[in-house]
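Shared between the two complexes below is chain A, which pairs with chain B and chain C, respectively.
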Partner chain A sequence: INHIVHNGGLYKRPFNEAFEETPMLVAVLTYVGYGVLTLFGYLRDFMRQWKIEKCQNATEREEQKDFVPLYQDFENFYNRNLYMRIRDSWNRPICSVPGAKVDMMERVSHDYNWTFTYTGRVIKDIINMGSYNYLGFAQKTGACQEAAAKVLAQYGAGVCSTRQEMGNLDKHEELEKLVARFLGVESAMAYGMGFATNSMNIPALVGKGCLILSDELNHASLVLGARLSGATIRIFKHNNMQSLEKLLKDAIVHGQPRTRRPWKKILILVEGIYSMEGSIVRLPEVIALKKKYKSYLYLDEAHSIGALGPSGRGVVEYFGLNPEDVDVMMGTFTKSFGAAGGYIGGKKELIDYLRTYSHSAAYATSMSPPVVEQIITSVKCIMGEDGTTVGEARVQQLAENTRYFRRRLKEMGFIIYGNEDSPVVPLMLYMPAKIGAFGREMLKRNIGVVVVGFPATPIIESRARFCLSAAHTKEMLDTALKEINEVGDLLQLKYSRRRLVPLLDRPFDETTYEETED
Partner chain B sequence: MEGRSPPSYLYWLFCQFELITCSYLMEPWEKVLFYSFNLALLGLLLYTTYACVAFHAGSAFQLLGSFLGNPRENALSVVK
Partner chain C sequence: FQAPAYHLILEGILILWIIRLLFSKTYKLQERSDLTLKEKEELIEEWQPEPLVPSVPKDHPALNYNVVSGPPTHIITVNGKECINFASFNFLGLLNNEKVKSAAQASLKKYGVGTCGPRGFYGTFDVHLELEERLAKFMRTEEAIIYSYGFATIASAIPAYSKRGDIVFVDEAACFAIQKGLQASRSNIKLFKHNDMADLERLLKEQETEDQKNPRKARVTRRFIVVEGLYMNTGDICPLPELIKLKYKYKVRIFLEESLSFGVLGEHGRGITEHFGINIDDIDLISANMENSLASIGGFCCGRSFIIDHQRLSGQGYCFSASLPPLLAAAAIEALNIMENNPDIFQTLRTKCERIHKALQGISGLKVVGESFSPALHLQLEESCGSRENDVKLLKRVVDYCMNSGIALTQARYLEKEEKCLPPPSIRVVITVEQTEQELDKAASLLKEAAQSVLN
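On to the complex of A and B.
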């Protein structure tokens, strides 16, 4: 609110992002909870080893007991003793289209989540706060579904080849031209899987002798792509432009580690919206830095395409910037378009290079035609080219839903991370028992939420992540908010101390340890 | 919250204890083990309080009482 701008007026609109600090008591109690569970974990492991208790998890065979142990590390310990206890909140089978409301198959466990049995009953009309359905295109009726059904009748479902061999359909060409026009870039290429788009194309763009500057909280696909490429990777603090500038300066001044030669390429990897934090990248500053230090920018708009910006064109439009400033614009069709797959957009030379040299183009099967048609129809709907204003209405509805939901949750007293305009809303839970309790209590009240714990988040910062949708009506949001309020009182989740913490905008130096000023 | 009766408030407090110490997630025999350990520790704490602190508290009250009762004589004997 009292946000002093030191970045030269690059932002045309206020940038309200907040990550309230964990209250000390809550952190201590969370550690107490984990401590108790760890002790009981050791007890159970002891009992399993000495055959007092039946061992239901994976172990080595008798002949392999003297080999290097496979299941002794912390990840497996966590899996056996902590994850198993709350496992019923994940992998819940749904049996309808994941729209604003979803049907779920009821399941029970008689041996404390080691095995599940289905009762046969279907829980109907659960308010879906977990699906990445930002613009509500996950529908089984409507223009998209009809077009996809027609294309299915014409082309079938399988493509049976890779893009470079016999899998390049005219539908793919049409899709790529449309995506390029939608984003405002010269050319684009679409791939069958969003994760594979990142992990298979970053190795094609950078190699040994290049430098990758990647955000702390980047997605696993970006991390995997960066590691596969063989380039040197340096991490900068999440969304912290001072940290990024320091790394860039060091890279230009010192060059490569031993030989001191200049780096062949410097690539900055950022995401549009970070799905675990709900934060939006500081794109104007990143672009200013990129231009100053002559490096390249790879923007992963998996969650922000379709969800941000007045006409849904993503984080570049949200900040009012030029799409030509971003060298590689990557995104996925999974979240806002109700389909599957990813794309990369940029200059024509870049995309032509990727068509030849990308692993995904050479080895992965190309996109299925009905999925391509779903994307084409939804993109045309968002752009308004199908003759209606449905797309525009959806984008505005999502923005309204986001603002309303976030405001109401903050007023109730929960700790909510992230930017005011991001449709991903993480609500902090912290304690391990509350992760399981929150998921179960919300399901009892007919609301489906996604709860996240270690290893997707730091071990004490577990959260419940709500994904808002344009398909949610105000009544649905009000119902959901009422239930969240009730569960919040029941489980004592309203940790917020309501102190507005201004973001640290003064220069970051070695003496600055805290992100926030107290 | 105000309309709750004492028994259900105590139950709610117990639920909070269960959530914080993660005994909400434990199987029944683990709960028995955990609660009996906690109760044993609490009992030990209370006994220690009764045995040691009570003795010191008693002697402190005696001293205070002697100050208030007979200021001249006992004050001299205490100062020595």
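On to the complex of A and C.
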């Protein structure tokens, strides 16, 4: 069943998003699984306390044993007893370029993951379904790398100064003009770290007396930026426009809590693609709401820039909307451009204000020149200004890969979350034991995947997340799909019963919103 | 048997009361439905928000950046004019070093530019592991952890350990990154006067008396002291031996921020602990950024595994952000190699600092703020002319005079409304190992001339 959203003609194309309901038996078994693990955890802690089992944790210094303990025992319960068992699924060290195929350093543990040793062997040509390499710009040869090498030879690796002091190079100005042209906005500013772009600029835009409406599943950087700003934060249900509209209405009608003064401004924080769910924001509706209630929109396109839209300009182009409707367009260069850093684009007044008052401009070192050059070359490639059609071909290849991969996985019977067009594909695992098992089985078959559990996801909704890339060929995808099929049968992961919950029919109740304290 | 009458009447009343409660309307605690639909629509129509950002005047001093064409090395081209660089924190001159550049080139050929993922998801490269090992070995600690952005290092480290309800004693002159880390941690912040150990002891004693009133709470409240080795805002050194004594006396942990002193102080460049000869295990956490002496990008924290390992799961800037590009990590490793093989550059740097510190004394109208061996000094106005705006304009004229004559300087930039203790406006003078003695003398005499012509 396709749930095509019409909503007064705001959508120019079908919006197919689905989150299949968790089967009851699976949910029960997952809770039982966590219960068993918790019991064993208590047992092991007991044995460690009574010295029956050796304690492998690092401990406090002798001289400081009478200080207040740095960590509470319970804080680390999850870490010690659940995370430690499957720790080898994360932090896997690689030793080649993170492209479609990657080389991994083999590591073994002889004491159940407390310590690792490297055998010295390198596992070659693992199909990489975990790196955020959407357009395949993570390359060690090619135009981007050559340009970056030239700039490195001329400028060096570091900058040693902030933007407002002596760190504003001509390269940075070139980059900012190019990014503004790419996005279709008046002006843009670039920063050295994507996380810091959010956490240092949201406090510059809003302060006390303002209201932030943030999506339930926003990234940690948006949450941190909102908290540091001192504004009141209210949370609306994930991608739920009725929830957002109710909050907007209530906020304007009732004003600030207790004093009833009107809010100074309202800022809506949403992301383009949510990386844990694979869902795409309902941008046409958000913009319609924003205009009706005179609030401002902050769009974080970390995963969607370069990955959506017929020419890779992001979620705004995907829906066919006007970039000037989005007040603050933020994004990162880490994912689709194969570099590092973040940017904010918008009207000239906004960017001038950020140049003066952003925390990053005054106190943080500016971007490294070879990284800037990589971004310049990759953006030119996507726009087609380097004289080839490589960029366009990659964007199309990514879209094809996405559709093919998702269709095949659904046919096999797995539960896949998210929108049809998003290159982030979460595959539900649910049970804690399957998290570790899936990661290890796929590695045995030479495929590298990312598995996530609590606390990045709700406790029963652990998942494996595939990130597709334009660098994946159809053969690689077919190999991967074959292996996923095998492992799915082995671990009994094919939960889907094709009972999709229509999104608009989900019961919507009174929203609870949290207000921040100082 | 017979129940007494009042008993039956009481029970009858209670039953009637229960029936009444069961059938009465439920109320929400706040009466929110006072307004009619029409009134609500009118309120929505009438509400006017502020503009998203206020407009910035075109001549705002922080709006017009200096444009550097080409690399920001010893000879720098600012706004089209070639000058000698006295403004970039390139203390050991490693920005233009050929060995560092070729190590970065080799890494670029092997790994490309970006890492395309955070450390947990295929973003850990062997270069990162090597850099962490080398830093830990260099600083003689058990473990080190790398961040991809210098500002985010201390701003993520502090909230990982200090939570709501904990107490942090921090120096007034702490840099902005520390202030943001403290704000994110939501702990109780107690500021003590800059470098004033008596003031700090007073605060610690006050806290002790508080603890005796409530020993149960005191047993779970963690305490920290956050200081910098060499302060960015004042150029002073912190009195670390006294701090260690206070640490053991009042049972407080010390977090040391060494961005300016790493690669500058100490016989081998290991920072303030080597300078004072203190056992490094006495400091709980040392944090530094690699953007000054190591001429790369990013930052690191080092200390015992017991402390550092915690950040791998709770350091926000580590877990939720992409890892450092491998070419920058390779550049940092090579820079470390150079530091280890040439320990005499630290003494050379110190001699140059002392030379210019002496040469800048006695300029009429400007006073030198900072230790004699600090490579980042401030020149402040001896007498302020009333408002901060006018001071800034005056200093700008001094800086422009020097830039026109071939010495690149900059004013120290702050966010005036956001700083807790805003330092007075000043010119930043940075000494690097690449500056020759003639250049140092030229800079000093030029500053004297500029002060004469502008301030008198």
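The definition used in the following text is that the second predicted complex is superposed on the first by the 478 of 518 C-alpha atoms of A that agree within 3 Å, B and C clash if a C-alpha of one lies under 4 Å from a C-alpha of the other, contacts with A are read in each partner's own complex, and residues count from 1 in each chain.
Quick note on the criterion: a contact is a pair of C-beta atoms (placed from the backbone, for glycine too) under 8 Å apart; a residue touches a chain by one contact, two chains touch by 3 or more.
The structure presented is a predicted model; accordingly, all values stated were derived computationally and were not measured.
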| item | value |
| --- | --- |
| Which of chain B and chain C A:Tyr363 touches, first, second, both or neither | second |
| Between chain B and chain C, more extensive residue contact with chain A | C |
| Touched partner set for A:Trp263, first chain B, second chain C, both or neither | second |
| Contacts of A:Lys65 with chain B and chain C, given as first, second, both or neither | neither |
| Touching partner for A:Lys51 - first (chain B), second (chain C), both, neither | neither |
| Chain B and chain C footprints on chain A, overlapping residues | none |
| Touching residues on chain A, where the partner in the complex is chain C | 58-61, 63-64, 66-72, 79, 83, 90-99, 102, 105, 128, 130-133, 137-140, 144-145, 148-149, 152-170, 173, 192-196, 200, 205, 219-221, 224, 227-228, 249-250, 252-254, 262-266, 293-296, 327-328, 332-335, 337-340, 349-350, 352-357, 359-365, 367-371, 374, 448, 450 |
| Residue numbers on chain C that touch chain A, as the complex places them | 32, 35, 40, 43-44, 47-56, 60, 62-63, 65-73, 76, 78, 85, 87-90, 95-96, 100-101, 104-105, 108-117, 119-126, 129, 148-152, 161, 175-177, 180, 183-184, 218-223, 248, 251, 253, 281, 289, 291-292, 294-297, 304-307, 309-310, 312-313, 316-317, 319-322, 324-325, 327-328, 331, 408, 410-415, 418, 428 |
| Interfacial residue positions of chain A with respect to chain B in the complex | 29, 32-34, 36-37, 40, 85-86, 112, 431-434, 436-437, 489-492 |
| Parts of chain B lying in touch with chain A, wherever the complex brings them together | 1, 12, 15-16, 18-27, 30, 34 |
